[in-house]
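One structure is given below, encoded as structure tokens.
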């Protein structure tokens, strides 16, 4: 909780702290910048793209050059344009999948953490089981079942990531429970649910907040993995993983650019998220001040 | 009240319902898949008559719950049905491929854990130092790359361009035949059989995938180790021990002991998850392990194979997690099972 | 008992013949002296000056009570006394002379035998100070065995005795119990046992009663004092917020404010005639037994450690502050024999 | 913690690791190859020799790379392309088309091909025997007497007999699967139609009248003689498994040139030569069929000479091999019996309407697909059935040509929906390119084509359930090289392979009629007429004749084209 307060805190001290913080850690700045770039691409990517990212052309496998900065792929699609537009899909999937996972996981985590009765523990056990399923293959099955669409991929990935949040929140709840104010709340005769969602929930959000960007990163990686085996979003939707998949067989024949650039893009995007998560973690951690 | 025993028992008691739930879940999940195993098996070019009688032969014309019960009956006798793609019993297929995956996993994770702990400890020794900064950067970078991309690039550089690595096509050179099977892990078997060139060849083929795997995973472990070590180092009880002049040897014992739980849990968690997650690495190196098997099965709508794989993989993970919980309970008196 | 461990310790560092004169010199001489110690913590928010020109001396047989509100650097001082300040803190100057040797110049290896054996420590946060994964008995035993080369059994016997001595009943059970199973009082007692099991020459008790109910407080303190009495502990530094405790157990009083000694004197003298405005305030609030904290709260915060004001550090809260107080730091002067004071108004007040 | 020591350790480990990596082999010399891809120069390095100590195979070992190993060797359980490939080599088809030059069947000259199967003959014209060395046809054309080849021996040295064939036929009818299907196609209605005259003679009868495709049917590698002596000897024919289904999962019992010696599903199959093979002992004593899923790996290994043959390369990779690269060359024919089609589902959905289907016909950029997606491989075709099937093929049956405006008009005229699903198999990369091209075309007049990339298994399932709007799909023109049969298989209302669900009684009737006519001009005329109708409305647009390309080691010789497009390893020799 203090972490969250500290973030929102507008005291001079905190401002000074933030400035000092970022001056001391250029990496965090890089991270935030990266995230900003990709987020803005989500919005402006399409308008910036020099070519239509989904329209086939007869510029077949052009190497990088003045006409196509990052070359073209087998269908004559401009790699650069597709990379610019891809965040619209990848980042959307990443962020909304993570958000959805939080929405599913957090409340269940609180319940399973606080309720020491059968359904509390049942939830916990159920998610233990879910956590055992090999996520990738299950994702493939689910997508194959639900059909290739952005929304389906989002739901599937969210489902697969929610156990993580359940676990996170549950353990945090366990630690928060001991705190005085919870007992106090209980003594004041608040209902269990009120305690859980008015007192425990807000105080258990810190790890979730930190985990969020990381998770978004995972979601993006998982998506690209799915597309790599042809179970991702529907082609020719520009998506980094799919682009890598198209380029993979071209590496041996010398058309390295088709796979190389999207790979770098994924790397940067996820790296950005990871870095900002890292910064968030330190910012929210009172002991690191 | 003997803690270990109680811990183990309570946990085991939980496993049975979990396993049942698991099987039911997996069974349903796979039955949801589109595509029709019968038609796939007949290659789409077959008269209705043969489709029907095959469907009947496979018992796929029965209601779903009956199918599930039949499946469970088989499962109890270790029968996971037949894969139509390989025309072998799924159990056989898995038995044959599991060692390949394990060999890759054990080696890869071994190196990853080892380096992770090592570098993690070192960088925690001097926070903010050069080693530390580099470690963090590496951890972030490695975690940000899709593993299959790392693999592709390695293949591109070491095989296609430099030609120093062997072809990313399985575990042995073309003319090399597998050593007599004991464990199914070529390294061990070849040593047992004293076939040193086979051993060397197997090692050469392991190199790239193992490097991919450990490069991909070491980062996370490093980061984890580092933060754990720092936490412990800053913790009140270590500081107190210092204040009252506890011997260095005992100090080290304290640190280690308190570092153990999180690191065990991380290693096991990763290992458990990886059984399903090396899929793509295997795909890139056509490793012929469980991972590749599962992907091919999903792609060709091979129900039985997919179900079998999920069952096995999930059960293994489940067991690993139990082991973890028990270990936890043994190490940390605060944990109640 | 002169032990090998001890030998490894202080004597180890100094030349033998020096030992002799040290010993006899310190019969009624100074055991531990702190001179002009400055400690600051560098954080991203700036540099916090926690101890500023901290200094006092403890003579053989003295029991010094050090009073200061929370956050006035008591715990840090405890660390300084055994030269254990971790990053981001730094001891930027001063000396800690123990038996004629500056501990701040002794390296980590040589400090280990001194800590705990020569200078014992009762920490404030006793419950978190114990390793959660090791049963308390073993922890104390570890400490004992770090300083004395004895068999496991021997160590265990000593530890059980020590635990019992702190007034814990059923020591054997407690020996096997884990920190999270202990009550606050229990944890305190364990820590005290741990501190005294090695029969240190000098004992530092940091808030020995914090977080205990009043009834327990008394018990804990009494048993601690008994033990100190039984063992020939040469000197004790008792740090607390509670003047009552000091009045009851101590021979000398040191009042600290913002990491500085502002007044120092014998208990009698001090409690009859406190000189420093801060001391007066403390006493007053103690008499009205309203928690001091509340009183101070009324008069604004203590000085920002990140940028200390020039002039007297107390002036912001001081009722009589004027000219010189604004501009220069007052020195610590002996206003009457054995009574030191840091205030420009010294003469006026006395 | 004693960081110092740990650091030292760390160094050691890193040293060891780098050594391990180094030991991965010393690099062989590399050659820089420049290639022309669609008008630009691509430069790349390939390792000229097998990667260092990569144990390179012996000269009498042939290494074949495939995306997957076959699912067993049971001639009655259909198992896909690689199953077919294994079967032709271990069993040998009962009869074969004689090998002739390309001109003789009217297709352009191929590269590196020793000869092509003469598939355009009538009746038993141009058919040579394997299992049966000779035969007589009764005057009414309904009964054929066949004589088993003397000296035809299996790997175990058993002479082939009439029983081997009889058993095979009985098995086919017992298991009601591929075999039975094939026999029925040939006009054999049941086991009773096949009789054993003596140990070396068989009589087969087609009760429903003379079958024009009887002999062509026997050329299809599904009906083989099986060495039942060996199976009996090994006690593989048991009560619960009278037809040896289990045995066929693990190995073969054929009279072909090779024999399955070791089968590790998902990894490799090891074949050894049949020393008694009637055409003589094969050059390659061992053939290793290895599963390598990634096409780029297969490509690189053939280029590096680590393997000698591979299938299923991407067109870009094939294109790299056109001029030869490293150890590999590309052989093949521009024009065979493999057709790439766009199926439109005609009974429901958007293409049930005639206009919409016609619009599709005009919207397909036939030339672009050939030039771009297929990189100039294969041939744009205007016929319903590959032209190599002889005079019965109507070479100009396709009424459509690329004309976006007309397409747009028709789409409006038929007020067809604003979007439709186009399904295709995820495994073949080029198809995605085609799909994108088509999507781009339709986008021109505001129609959104939803690309529906599906797993192989799902595609086949959806096809036979007619659950699709449009789909890009092969048709390996008929098991049997006959126009009438081809028309029946893919367009007849009763045919299960009529995926496009186009049910036209009149046309079906004409096809039936053609199947009961003996070869001759009137059959030809009838079929010509039918073909036009098929392409105009039949829901199946021929896009390309994809031809046949095979990546092989440049020192290999003796490639022949069979109607199944499967190579017989027996034919191959080192140059």
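For reference, chains read A, B, C and D in written order, and residue numbers begin at 1 within each chain.
Just so we're on the same page, a residue touches a chain if its C-beta (ideal position, glycine included) is under 8 Å from a C-beta of that chain, and two chains touch if they have at least 3 such contacts.
Keep in mind that what you see is a predicted model, and the values were worked out from it rather than measured.
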{"item": "Central subunit by CA centre of mass proxy", "value": "B"}
{"item": "Two chains joined by the most C-beta pairs in contact, as defined above", "value": "B-D"}
{"item": "Centroid spacing, where centroids are CA-atom means, of subunit A and subunit D in whole angstrom", "value": "44"}
{"item": "Where subunit B and subunit D are represented by their mean Cα positions, the distance between them in whole Å", "value": "37"}
{"item": "Distance between the centres, which are taken as Cα means, of subunit C and subunit B, whole angstrom", "value": "54"}
{"item": "Sites on subunit D at which at least two other chains make contact", "value": "44, 294, 297, 300, 426-427, 455, 458"}
{"item": "Overlap residues in subunit C, where contacts from two or more other chains coincide", "value": "none"}
{"item": "In subunit B, residues with contacts to at least two other chains", "value": "34-35, 155, 160, 234, 283, 298-299"}
{"item": "Complex contact set, residues of subunit D against subunit B", "value": "1-3, 6-7, 9-10, 13, 17, 20-21, 23-28, 30, 44-47, 51-58, 61, 63, 65, 68-69, 71-72, 74, 77-80, 176-178, 180-181, 249, 264-267, 270, 288, 290-294, 297-298, 300-301, 304, 306-307, 426-427, 454-458, 460-465, 496-497"}
{"item": "Subunit D partner contacts - residues on subunit A that touch it in the complex", "value": "54-56, 58, 60-63, 74-77, 144, 148, 230-231, 234-236, 246, 248-255"}
{"item": "Subunit C-facing residues of subunit B, complex", "value": "234-237, 239-248, 250, 254, 257-258, 331-334"}
{"item": "Partner subunit A, residues of subunit B touching it in the complex", "value": "14, 17-18, 21-22, 25-26, 29-30, 32-35, 136-137, 140-141, 143-149, 152-153, 155-156, 160, 234, 272-273, 275-277, 279-280, 283, 294-295, 298-299, 306, 309-310, 313-315, 317-318, 321"}
{"item": "In the complex, subunit B residues that touch subunit D", "value": "34-37, 39-50, 53-54, 83-88, 93, 96-97, 111, 114-115, 118-119, 121-122, 125-126, 155, 158-170, 173-178, 197, 200-201, 203-204, 207-208, 211, 229, 252, 255, 283-284, 286, 288, 292-293, 296, 298-302"}
